[in-house]
Structure formats: structure tokens, C-alpha cells
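Two complexes are shown next, each including chain A; its partner changes from chain B in the first to chain C in the second.
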Partner chain A sequence: MEITFQASDLWGILPALILIAFASVAALMEVFARPDQSRGFIAGFGAIGSLVALAVSIWQWTGIEGAYQVPLFGKMLVMDAFSTFFNGIFAVGALLACLLGGRYLREHKADFGEYTALVLFAAAGMGLMVQSRDLVVMFVNLEIMSIPIYVLSGFVRKNRRGAESALKYFLMGSVASAVLLYGVAFLYGMTGSTDLVAMREAFDADKALGTSLLVKVGMVFLLGGLAFKVALAPFHLWTPDVYDGAPTPVTAFMAAGVKAAGFAVMVRVFAVTFGFDALEFGADGKGWVGLFYALAVATMFAGNLAAIPQVNVKRMLAYSSIAHAGYLLVGIITGAFGDLGSATSAATAIGGNSAVLYYLLTYAFSTFLVLAAISLFGKDGEEFVHISDFAGFGFKRPFVALALTLGLLSLAGIPPLGGFFAKFYLFREAMALQKPEMVWLTLLAIVNSMIALYYYLRVIVFLYMKEPTREVPAFESKGAVAVMIVALAAVLLLGLFPDGYVEMARRSVESLALR
Partner chain B sequence: METNLPIHLIVFLPLLGAAINGLLGRRFSWTTITAIACMASLVPFILSVQAFFHMRETGAEVLRQVPLFTWFATGTFSVDLGFTIDRLTAIFCLNVTGIGFLIHMYSSAYMKEDEGYFKFMSYLNLFLFSMLMLIMGENLLLMFVGWEGVGLCSYLLIGFWYTDHANADAGKKAFITNRIGDFGFLLGMFFILYALNSQGLPMSLSFEDLQANAGQFSELATIIGLLLFVGAAGKSAQVPLYVWLPDAMAGPTPVSALIHAATMVTAGIYMVARMNFIYVQSPMAMTVVTAIGAITALFAATMGFAQNDIKKVLAYSTVSQLGYMFMGVGVGAYAAGLFHVITHAFFKACLFLGSGSVIHALHHEQDTRKMGGLLKKMPITGWTFALSTAAIAGLPLLSGFFSKDEILWKVFSNQTTLIPGWVFWLVGVAGAMCTAFYMVRVYALTFTGTYRGEPEEKHGHDAHGHDDHGHHHGGVKYDDIHESPWTMTLPLVVLAFGAVFGGLLGLPHWMPGHPTNQFDHWLEPVFGAAHGLKFLDNTSLELGLMAVSVGLAALSALVAWHMYAGKGKHLPGQIAERIRPVYTLVFNKYYVDELYAAVIVRPIKAFARFSWRVIDDGLIDGVLVNGPANLVHLTGRLVRLFTTGDVQRYAFFVLGGVWLLVVVWLAE
Partner chain C sequence: MHEQYVTLATLAVVAVVLGGLILILNRILGPQKWTKSKLDTFETGNEPEGDARHRFSIRFYLVAILFILFDIEAVFLFPWAVVYREYIGAGLGLFMFMEMLVFVTILGLGLAYVWRKGALEWD
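And now, the complex of A and B:
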């Protein structure tokens, strides 16, 4: 393992560098700010940093033609269209989290600039994690992402549930990290490398290697660690506690950012290293497809069924995010029937995995839309997120309620919103394989989507059709309104004019195939 | 041909107007609302005129722009969202936007005091949009979208004063009756697709392709034609689906004039004319269309005899006139039928607006028994009404004379229908006699004689004022009646002008200096398929029959004048007494509504109650809906048990999960 460095490598990780720079300054700003001063300006500063990072990502994306891949730091990291796509999502996630957080923290008497710094650090970690080509570097970046998130989930210290959830998340996250690292160790032992491409080459060279016990164990452990981050059943149990206990803007950032980062790594690892041709899974049908299949079904049902009895809307959304992770697996499984490097089956791999990317993009905006509205309910460390707290709200604050409604409908997958097209694209790719097991999986996913309608629509029923039982404080926030406008526009665009974004997702996945 | 004329604007400007007034109108002043709504109808009118003259100058047969986008495409079936103007459309565009604009203007005064004014104008604009979509859509599906759109607007506007239960019911009746027709339309469309598919042709519903492929339908032409005609009969109020139109008079009078006389109700005729290439292939379908038209023409006209509500008379008259139009398009004389659409639009819109002017002046009194002598007080309204009455009665050289007699002659001379043409001709002449009679009657009752609506003394003078719109009260004193404002009378004058001179558009071939009928000539390219139809060619017979029908109608009109304006005022009562059973039958509109209620409505209601109580509440809600919901709920509670909040247990699940996966995978 030889690490080389040249100045041009810095260009490749510029979005992360910018986020880190802004984060560091934001942390210093907190130190030098007057104690009685509102920290809104720090959040604004963070928003600007996110915008700059977004602009750089767009610049990188448009600066290079087609699907590109540039190895950085002696193949430790990589800059490809895939990572740029996700850098864009993370920058937007950080932007929305900053916009949402400023006012929220003031209302909850936790107005500290570190919030901004932590959000930006986490976003930088997510970006670098997706850019990692080496599993050890990937692990380090996973921790760069995770640790700020642990802190953020307990950021409102007055809220005891928040503090408890932060500790739980940290403990469980440590377990998951250990599992993941253990898996990396196994894989290194068997292939002699932690470089994703080199590992793939090892599998290609020796077909028997892929079916050996220790590779399988290593892969499952690696998967277990990632499954924890993206909340797949049975690794999802922390999710409701943490999503509920964390400050709502952080919940949104987690649902949009951490989930996307986890899935991005999963796509990179499983589509590149453990691709269809590498382990010859297709031949005897004993690939990780079956494993993912079981995970997908378990996750969809565990999320949706547990969401139904919830009366706490944030908990309900936590379970819903689990269910969405289940749908996303359908895309990964679809992609697994093809290999990016193969001439014959690349289209399948690109189709399935790009559907995952598209889904993550719409899910990020939909979930921000919903949680931006929900973040307004609360005061002084206490959030009012019982479903009955929303009764009659539709007529008190029509715009916020409309945004919430459309966000929920998008999550439910109702046309013409983005969530509909994302599901449609995902399921279409799955059905296009014309394999009975995929038809069954899609049917199960559709049944689950129907179950999910129940709990999404129930919130809307409360918004518009129930009489309020008590007065619930809901503050006004320009930042939240800005978030809702951005997210609403994005959800509508993604639903009405999907072509351009589908093309983006496809280009991203295509770039993974390059060596 | 491709054109630079902004065709799409004609369609979308009214939509824009509807959106602005509908969404923001609540805060606008009367002036702003009026300006927006009127511009949204005037500009499309100007554009239509421009398109029309462009076509005249260049001799173009079709104007089109690139379709906006492909609406949807599934397999071989794709539908574009595009609009075209051909010669038929051009005429309808002028009719719809021209009369539409006049009625917008009229409404600005008529509805001024109504608190829902912005809503009303927004609906009118929305109606224009839908109607233009119906006539300009480049394919059958877009036509259907417009078809449904005008139905919706009609429903909204009939029930505009929805706080009155009867109005809301009338709206529902119109909507439901139209749905029956729409069902036929849809089935017809499905049959077309089926026919295309079974011939291996691309499934395109654009009129151009349909016309090109029309020959392939031969076997199915009859069934397609008849199904589409069910739709036409619903929209254009033909027997047996006419029942909604008289009730639709519950809507504000400008609506009756625009939607229920001049434009929407002629959509059925437009559709049959548009699909002429299918009808000409089926003498059976043509005969049915003609026969239904003839039956309706006479049947509705007789119902006009015994009505006392001025708008109801006009409504039955409209139904009857629509019957004539169907007779025309039924025998394949498409230009003749459409010519009557245009002339009828002038005189019937004028009659409705005239009745509206009267109703406005009398503060929502619609009963002709409480009118009389109004000509002196409302000369413009009275004279325009008189001219339009003469036009509809078929007074020679007025517009209605030319169009009606052309239809009657074509019906007589046609060689296609399975029933000989003279039968239909007789029915048509009988209907014309009835028309002349009841129209003169309603004019005489309203405008001549002495005023019969003086309020009873005890009501005092407080009856004047607009504050109680829509409610009947003691009536208006004769001395207080005055002519309507210019925004209402100007449309009357313009329309009356059209009613008198509209016939010039299509002077028949026997008029000196007119070897060909210009109107027919203009439409010729659209009806290429109908060229093969045979008609008798005998000008002296044509003139002779015309003399007979005009003479009979004139006689009938004179009798009516004698009975209601002249010395014979005792006669109506005596006659009614003499033929009491017949009179009762006619007065109650042949009990058709009661018949439908007994045969259709009540059984459906009974079935609905059964479905609701037993099937819906019991089976669906109880077993199918709540069953799975309860099951899901139960499982949900079970699944939730895993999330206990206990960290050790969570850790156990993470590690256990990993090992479970390993074991599962290895065991596989």
C-alpha cells in the first residue's frame, strides 16, 4: 500500500475540503461570538459553505464529459460521477439542515454554532466515504460521518430522550463499526487487499475464492455494518428511538444524508467488488441476491407494519424510513443480476442501481419536506409530534400543511410527485428482468406501498379533517419555509420531468464501471 | 399546413383567465374581474377571426401547430396534445368565442350584484377553454377531455346558486344524464381502437388518421356510429336523454344562452359531423340519427305549448331545434345541419338573453302569466326578441328560414336513410308548425297586452332593489320596469342582427346570383367522405315544398297571434278544457320524468341502498377492509414489541442478525 500525493488530488476532494474549512471556521465563530448573540448567522454561514460545496460539485460534474473516474491519493480515494452525484446530495442536505436548524435551535434554547460545524463535518465525511476506494479509508470516513451525527442527535441537551437516543446510537454504532471492521479484516485476509478494485481483480483471477467461507463471512459482516447505518431489519431497532429523540432537523439530515451515504457505499462495494461476474452468483443462484432478498422482504414488512400503530409522527417516519430502505434494496437486487463491467448485462446493473440513486434523491427531498414542517412543532426542548397535535393544522398554516401533505404523498408514492416516479422507475427495472422471483418481490413491495398509504394518509386526515383538541405551539421560521419551497420544487420537478435526473443517475452508475 | 398563427393561445387564454379569476378573483374588484374574463374571450375571438380570414385568403384546409407534447404513449397507442383548425373548427371557433364574448359582456351586468361573480366569470372562462379543446383537439381523446370539461362546467353553472336545493338537483341531473351519454362515447372510442388493432393499424385517434383509415371500420361502422351517437344524444339533449336540459334552466340565464343553447349542446352535432366518415358507411346509423332527431324535433316542440316559464319554453325549443340539426347531419347533409347550428346560435342566444333581460327587469320573475305589455318599457329587448322569434319561426329571408328549409329539403330528398325521406319531412314540418305557434305565444304573452304582474298593494314599494336576488316576492310595479343597461342590450342587438342576416352566410343555390351555397362550399373539404351520398336534384319541388312548410308555419303563427295577442284570448282556455286529458299530458311533459323515476331512478336507488348496507358496510368494510387492517394492526403491535428501548437487546439483534445471515447463507 503506497500513498502518493499530488496537488491535483486536492481538486478531487474539493467539496469535502470546502465543507471542512467552513466547519472549522463555524466552530471558531462560536467561540468568538458574544454569549447573548443569536447563532443564526453561523447557520447562515454554514448554508453558504454548503452552497459553495454544491457549486463545486456541479462544476466538477459539468466540467468533465460523460461518466468519469479519477483515482486520487494513490487509489485511496476516487472522484467519479457517482461520488459527485452524492456530494451534490450531501451538500444540499447540509444546506437544508443549516436552514432548518437555525431557528429550531433558538426555539429549543440550544442555540450553539457547533451545530453548523457538526453538520458540515458530517457532510464532508459522507462525501469522502462515498469517494473511498479503499475499505480502510472508507471506514475512517464512516466514522468522520458518524461521530458528528452521534453528537447531533443529542444536541438539545434539555431533551432527555434526545440524550438517551444519542448514547444508544453511539453504543450501537460502535458495535456496528466493529462488525464492519471485522468483515474488512476477513476480506483482506482472503484477497490480500483492501482496495475495492484490487479485490475484484482477485476474485476474477480465482473464481473459487469467491465461494470460500471466509469471504462469505467477511461480506456478511461488512454488509451488517452498512445495514446498521441504513437501518435494514434486523439491524434497524435503534432507528425509531434515535429518529424520535434527535432534533427534527438532525432527523431529516440523517434520513436524507446518512441513508444515502450508506446506500452509496453499498452500491459501490456490491456492484463493483462483488459484482455478478466476479463471484458467478448467477450460475448456481447462490449469490448474495438471496441474502438481500430476505433482507428486503424483512425490512419492508418490519418498517411498514411497525409504522401502523405509531401515534408519534416522528417514530412513524422512522419506521417509514426503514420501509424505504427495503424498497431501495429491490433496486440493488435488480442491479445484482448484471455486472457493470460486462458487455451483455451492464444495462441491468445500470438500470437497477441508477433506480436506487434516483430513489435516494427523491427520498432526500421528500423527507426534508415532511420533517421541515414537523420541526415547527415544539418549544424549549419539547417537541409536539403526537398525531393529534396536527389536528386542524391544515387551516391554521395552509402552506406548511400543504408542504407536509405533499411530502407525505411523495413518500407514499402518489403521482405526480417525485416519490411516485422513483418507485415506478425502481419497480419497472425490477419487472424488466422478467424473473418470477423479481415479480414476486415487486408485488410484495407494492403491497407494502399500499400498507404505507394508511399511516401517511392518517396524518393528512388529522391535518384537515379533525378538530384540534389542544393548543400546540408551532413557531414561524423563514428558514423552514425556504427548505419547504426548495424541497417542494425538487419533488415536483423530479415527479414531472424525471428524464434529466434519470440520466444523471445513469451517468453516475456508469462511472463505477471504469477501472 | 403548419402555421405561425398562435392557435394554442386560442385554447389556453380562457384557461389562464379562469385560473387568475378563480384563484385570486375573490380579492379583485368588479372591473378587474370583468376585464380579465372579457379579454380572455375577446382575444381568442380576434385570433379566431384572424385564422378564419387567413384560411379564406390562402385557401388552406387545415391550420396546425406542432403538438405541444405527446400526452402519453403506450406500445402502439400514443396520443398527442395538439390543436388544429380546419374549416369546420374555424366556424365553431368563431361561434364559440364570438357569442362567448358577447355573453361574458352581458354577464358582467347580469351577475354584477352576485357575490360569486368572480367564480361565475371564472367558470365561464373555463367553459370556453373546455369547449375550444373539444372542437380544436386534434384527436378523439382530446375531444373527449373537452367533452367532459364542458359537462363539468355545465354542472357547476347549472348549480351555481347551489344553496337552493332544486338548482343543485338540476345540476346533478344534467351531470348524471350526460354520464350515460359519455359511457356511449367511451364505448364507441374503445370500438374504434379495437377496430384499428384488429386490422393491425397503428392505434392513433387523431382525426386525420381516423379519416384515412375509415374504410377499415366497415363492419363496425354501425356499432361505432350508434355508440358515439349515444354520447351525442346525451350532450345535445335528444330523446331519450333530453330530460336534463329543461331543468338546466335553473342556472343563471347567460349560462342558458351560452352553454344550453348556443354552444355546448351543439357538441353532439359537431361530433357526428366530425365523424362523418364513419356515419356515411352505415345507412342504419344514419337512419337512427335522423329518426331520433325527427322524434325529438316534434316531441319537444309539443311540450313547448303548455309551458308557462319563459325559459322552459326556450329550453324545449332548443331541444326541438337540436333535433332538426340531427336530422340534417343524420341524412348526410352536414353543412345544412351545421348551418342551422350557427343560425340557431344567433337567434336562440338572443332569445335567451332577451328573456334574461326581462327576468332581470322583473327581479327574477320567469312566469309569462305575470308578464305582458313589456314592449313599451323594454323596446330593445322586445324588438330583438321579436326578430329572433320571427327567425326561429322561419319567416322567409331571416336566418332560420334558410337553415331550416335547407334541412327539410335535404331530409326529403335524401336517398340514403332506410325510412323514406318524406316521412321525416312531414314530422319536421309538423314540428315547425308547433315552433311557430309556441314562439309567437311566448312573445305575445311577454311583450303584448297588459301587464299582469302588478304587486298586491300590501307589499308596498319595497319590492325594488337588487338586495334579494334570486327570490320571488310581490313582483315589480309596471312603472318601475326599465330597459337593461347597454352591456346587456348591445349583445342583444348584435345577436338579433345575426338572427336576421345570418342566413346570408349560406344563401341556397336557387337564390339569384348564388350558383353554389357558400357555406356548403367552405365546408366541402371536411366532408369529402359524404360526397357519394345521393340527393334528389329538383329545384321546383324544393321551392314547392318550402312554400308548403312556410305557409303552414305562417298559418300556425297567425292562429297563435290571434289566440294570445288578438281577439281570441278566450280560446286557449276553452281548447284546454275541451281536450283536458291531452292538455294534462302535455302540461306534465308526457310524464317522462315520472317514468324515468319509476323505471330507472328508484330501482337504482334501491340497489344502491343494498350495495351500501350489505355489500359495502357488511362485506367490504367489515370483512375485506377492516379485516386486513385489523390483521396488519395486530402484526404491527407484535413487530413493535422488538423495539423496547433496551440497548443490550438491540446489540443482541445486531450481532444475532449478522450470524443469522451467515447461517442462512451457508445453509442455502
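And now, the complex of A and C:
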């Protein structure tokens, strides 16, 4: 193999490099700071690092003209509008997680600078994972993302459920990674390459390859590994335990970051490289569609129906995140029918993949908004997240309660918040394909959105219409308020003026066409 | 369908059958005289002492993990040092040197962290 290296390679991965540099320094700051010193300044340092990474991503975005894609490091990674878009999301996620974490960890007596370092490392891994063009490199970056998240889930060591969640997540996550890698091995065996472009060329050159049993096995394993990361049913059983046991800022970072990274890779791999036109199995290539279809329906119902009886709000949000993964899969299916941000039928259409990107953007902010408010309830390693703990809170801390309410409404998809337009675009693009099975899938998704309203609104009922039954400790945090202001502004902006952001998503997807 | 796997399958079948056959024949035909020292746990020739299932200090695991982490350094450095002369010949000397410098720097940061954190102290 020829070794190629140019300075432009470093420019391509600059956001990740910045995050890694800040993370390393944050880890050293932790050990060189006085032991009795509060670690808030390290979280602040991490927030600055995330801001710098965000600024670089925006700078890279401004340099993007039309659809372009730059291979980096001998075609191991790429830099395109798509990866830049996601690097921006991950930088924002790390920023909000750092802002949220500082005070939270002090209240829970787990004030260690490693939190910041791990968040930044994970964000760098997410960015590089989305930039990967080679499946093996993608796997390495998946691990760079996952391992810090495993540690972060058990970060508050006084909390026994946190330790439980970290162990569960680690054990299941490593099995899922192994399954994913096994799938990559099968695909390598059949196509002779782990490079996405070369694999697609192999499929195009030999149409029979797409129907081969080993390719199907490899694809299903690859899909299974990714489905675990984004919590699709039936790979979702870890989600409630981990989301509930993990510290709330970490839960928010997981819901916003890991899910976005997983879906970004799914868009790159399944919707673009191996779209339904490349892979055919079953009669008329319906098998592959049917598999996704079944996953989407199972995920939506598993998430929403299980969320209804939950009295623990974090568990409820975990199930709701599963349901959101189901809606997102509708977009992936729409995208996999072979559009790259181009018009499907109507002139205004943006394509299923673009709708997925816009959805992930709004979902990241909505979930941070909700979890920032919830993170305030608790003390000394114990979180108070029973639904009755929120009773009467709406009048004690009006701003926090308002943020929580609007966040929940955005997750539910109520106009004029961002969540409404996210669902709107997703479902409209699915309908625009004018295929009867997609119409049915969209109808099921809409039914599910209505089911979801029940459990989101129930929290709001407790906030404003119930009398408190006991005293619940809730601390004040400037960082959390800052997160809520940023997320609230973003959710409103995405809902009131979606056009610019939808266009960003569309341009990102447009750059995905492999060359 | 996949003819190239027939050889592999044959090898697997032969291995299982041959191995199983030898063990079974040995059990049926061989003389069996069990004595205490034959049935005992084999501990490199020494008299076995205590139970194998006792608890180890958690610190061993930390030391083991750190050993693996820093052992990888040697695994990467040795082959690099062996072929470094060829890199210079290919005009890649400075590039490969910088690559290794980056790697060792990151490892050094890790060592500084571990050292200051007190993970190298036994107590």
C-alpha cells in the first residue's frame, strides 16, 4: 500500500484533532490540579475546546462549494459536507455535555476532570466515525466513541445503578461490536475490499453478488451492530437500564451524540453505498426493504408501548428515544430507495436522508433541553426522576419547568417547535415516494406519534397540575441554564425558520455520492 | 456451491474424528491405574497448595491493564526500528519519525496521567 500524506489530510480531521488535544490536556489538568480544587474549570476548558471545534466545523462548512468530497489519508477517511454537518452536531453535543456536567458532578460528589476528557474523546470518535470511508477504520472509530461512553455511564461511582448500567452497556456493546466486525469480515470476503466505494463497485460489476448468502449475512450483522448503537428493536433492551443508570448529562450526550453518529453511519452505509438498488434478496429485492420495514415498525411500537407505563421519567425518555429511532428508520428507508438530496417527485422535496439529518439535529437539541432540566433533580449520587417528584415544580422554578415542557412538546412534535418540522419532513418524504408500503409505514409512524403524546403530556400534567407529595432536592446550576437557553433557542429557531437548516441537511446529503 | 470450502470441511471432519477416536481408544484399551498424585492438580511439579479459586487483589488488574497498554509501545516500536533504515532510503525518514514521535508523545501523556493519578503506587 502506498503511503500518502498531505497537509490537507490534517485540515480534514481538524475538528477531531482539536477535541483530542483538548481532551488530553483536560486529563492532565485533572491530575496536576490541587486535589481540593473544584473541577469546574476543567469542564469550562472542555467547553472552550468544543467551541473551537465547532468554529472549525463552521469554517470548513463555509469552504464547501456544491457537492464535494475529499478523500483523506489514502482513502481511509473523507471530508464532505455530510461529515462537517455531523462534526458540528457532535461539537455542540460535547459543549452542552461539558456545560451540564460541571455542576452536576459536584452535586453528586463525582467531581473529576476525566468527565470532560472522556466526553471530548467520545465526540472526536463520533466525528471520525462519520468521516470513515473504510469499514475497518469505521469500526476503530466506533470503539473510540464507545469506550469513553461505557466509562461515562458509570461515572458517578456512588450510584449503584450507574455501575450496573456501565457494565451492562459494556458487555452488550462489545458483543455488538464483535457482531459488526464479523459482518465486515463477511463483506470483505465477498467483495475483496473494506473500502465503501470499492465495495459498491463490486456490487455494481456483479449483480449476482447482492443476492449471495454471505453478503446477506454480512449485511445483517453489520446492520445488527449499528442497530445496537442506535437502539433499534430488537437490539434495544439495554437502552432503558443504561439511560436510566447513567448520569443525566451523559444520558443526554448519548441520546444526542451516539444516536446521531450511528444514524449518520447508517445513512452513509445503507442508504448510499448499499442502497436498495445494489442489494436484492427475496422476490424483486423486497427482502432487504422488508427487513428495514420490520425493524422500523417493531422499534416504533416497542418504544412507545413500553414508554406508556413508565413512572421513571428517565426510563420513559429512554423508551421514547427508541421510538424516535423507529421514526428515523422510516427516513433511512425512504433514503435507501436511492435519492441523494435530489427531488423525488415534488419540486420542494428534500429526500429521506436529508430529513433524517434534520431530525437528528432537532432531536439532539430537544433531548438536551429535557435532560438539562431533569439533571437538576438529585444529590449525592441519587437522582430523583420519579414522575411524582416533578409534581408542583412548574411554579417553583418557572424557567426550568418551561424548558422541560417545551422540550417534551418538541419531542412530541407539536408546532411551532423543531420536533414538529422534523417529523413533518420525515413523513412527507416517505409519502412523496408514492409507494403503498411507505404510505402504510408513515401511517403507523403517525399513529405512534399520537401514542407518544400521552406519556410526554403526562409529565407536563404533573409539573403544573399536581400537588407535591414530598420535598425533592433540586440544585441551581448556571451551566444547566445556559444549556437550556441554547437548546431552547435552537429548538425555536429550527421550528420557526427551518428552511436554512433543511437546506444545510440537503446539501450534506448531496455531498454523499461516492466518487 | 462453494467448492473451495470442501477441503476445509474435510479437514475439520478428519480432525474431529481422528482426535475423538484416539481419545476413545485410549480410554477403552489403555491400562488405568489412578493414584493420588496422578489425580492431583498439576502445578509445575510442585506440591499443590491451597484452592485455585481464591480472590486476587483488584490492584493486579490495574497493573495488568497498564502493562498491556505500555507493552503495545514496544510492539509498535520494534518493527518500526527494524525497518526504519528502509524508510530513510525511500525518502520517508522524517515522516515516519514524526509519526512515531506523535505516538510516543500520546503515550507519554498517558504515562504522565497514570503516574500523577497514583495508579503506579501499590497502596
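What we mean here is this: the second predicted complex is superposed on the first by the 492 of 515 C-alpha atoms of A that agree within 3 Å, B and C clash if a C-alpha of one lies under 4 Å from a C-alpha of the other, contacts with A are read in each partner's own complex, and residues count from 1 in each chain.
We adopt the following convention: contacts are C-beta pairs under 8 Å (C-beta built on N, C-alpha and C of every residue); 3 or more make two chains touch, one makes a residue touch a chain.
Just so it is clear, the structure is predicted and the values come from calculations on it, not from any experiment.
**Student:** Mind checking the superposed model to see whether chain B and chain C fit together on chain A or clash?
**Tutor:** With chain A aligned, chain B clears chain C, so fit.
**Student:** Tell me the contact category for A:24 with respect to chain B and chain C: first, second, both or neither.
**Tutor:** second
**Student:** For A:5, using the defined touch cut-off, is the partner it touches chain B, chain C, both, or neither? Pick first, second, both or neither.
**Tutor:** After superposition on chain A, A:5 lies in contact with chain C alone.
**Student:** Specify the angle subtended at the CA centre of chain A by the CA centres of chain B and chain C, expressed in degrees to the nearest 10.
**Tutor:** 170
**Student:** Which holds for A:457: it touches chain B only (first), chain C only (second), both, or neither?
**Tutor:** neither
**Student:** Who touches more of chain A, chain B or chain C?
**Tutor:** Counting contacted residues of chain A, the larger count belongs to B.
**Student:** Between chain B and chain C, whom does A:176 touch in the aligned arrangement: first, second, both, or neither?
**Tutor:** The first partner, chain B, only.
**Student:** Quick check on the superposed pair: does A:237 touch chain B, chain C, both, or neither? Answer first, second, both or neither.
**Tutor:** Only chain B; A:237 stays clear of chain C.
**Student:** Could you say whether A:308 touches chain B, chain C, both of them, or neither, answering first, second, both or neither?
**Tutor:** first
**Student:** Please give the nearest C-alpha separation between chain B and chain C in the three-chain superposition, to the whole Å.
**Tutor:** Between chain B and chain C, the shortest C-alpha distance works out to 17 Å.
**Student:** Check chain A for residues that touch chain B in one structure and chain C in the other, and list them.
**Tutor:** none
**Student:** Where on chain C is chain A touching in the complex?
**Tutor:** Going through chain C, the ones touching chain A are 92, 95, 106, 109, 112-113, 116-117.
**Student:** Sort out for me which residues of chain A touch chain C in the complex.
**Tutor:** 3, 5, 24, 27-28, 30-32
**Student:** Inside the complex, what are the residues of chain B that reach chain A?
**Tutor:** Chain B reaches chain A through residues 629, 632-633, 635-640, 642-643, 645, 647, 649-651, 653-658, 660-662, 664-666, 668.
**Student:** Can you name the residues of chain A that touch chain B in the complex?
**Tutor:** Contacts found on chain A: 168, 171-172, 175-176, 179, 213, 216-217, 220-221, 223-224, 227-228, 234-235, 237-238, 240-241, 286, 288, 290-291, 294-295, 301-302, 305-310, 451, 454.
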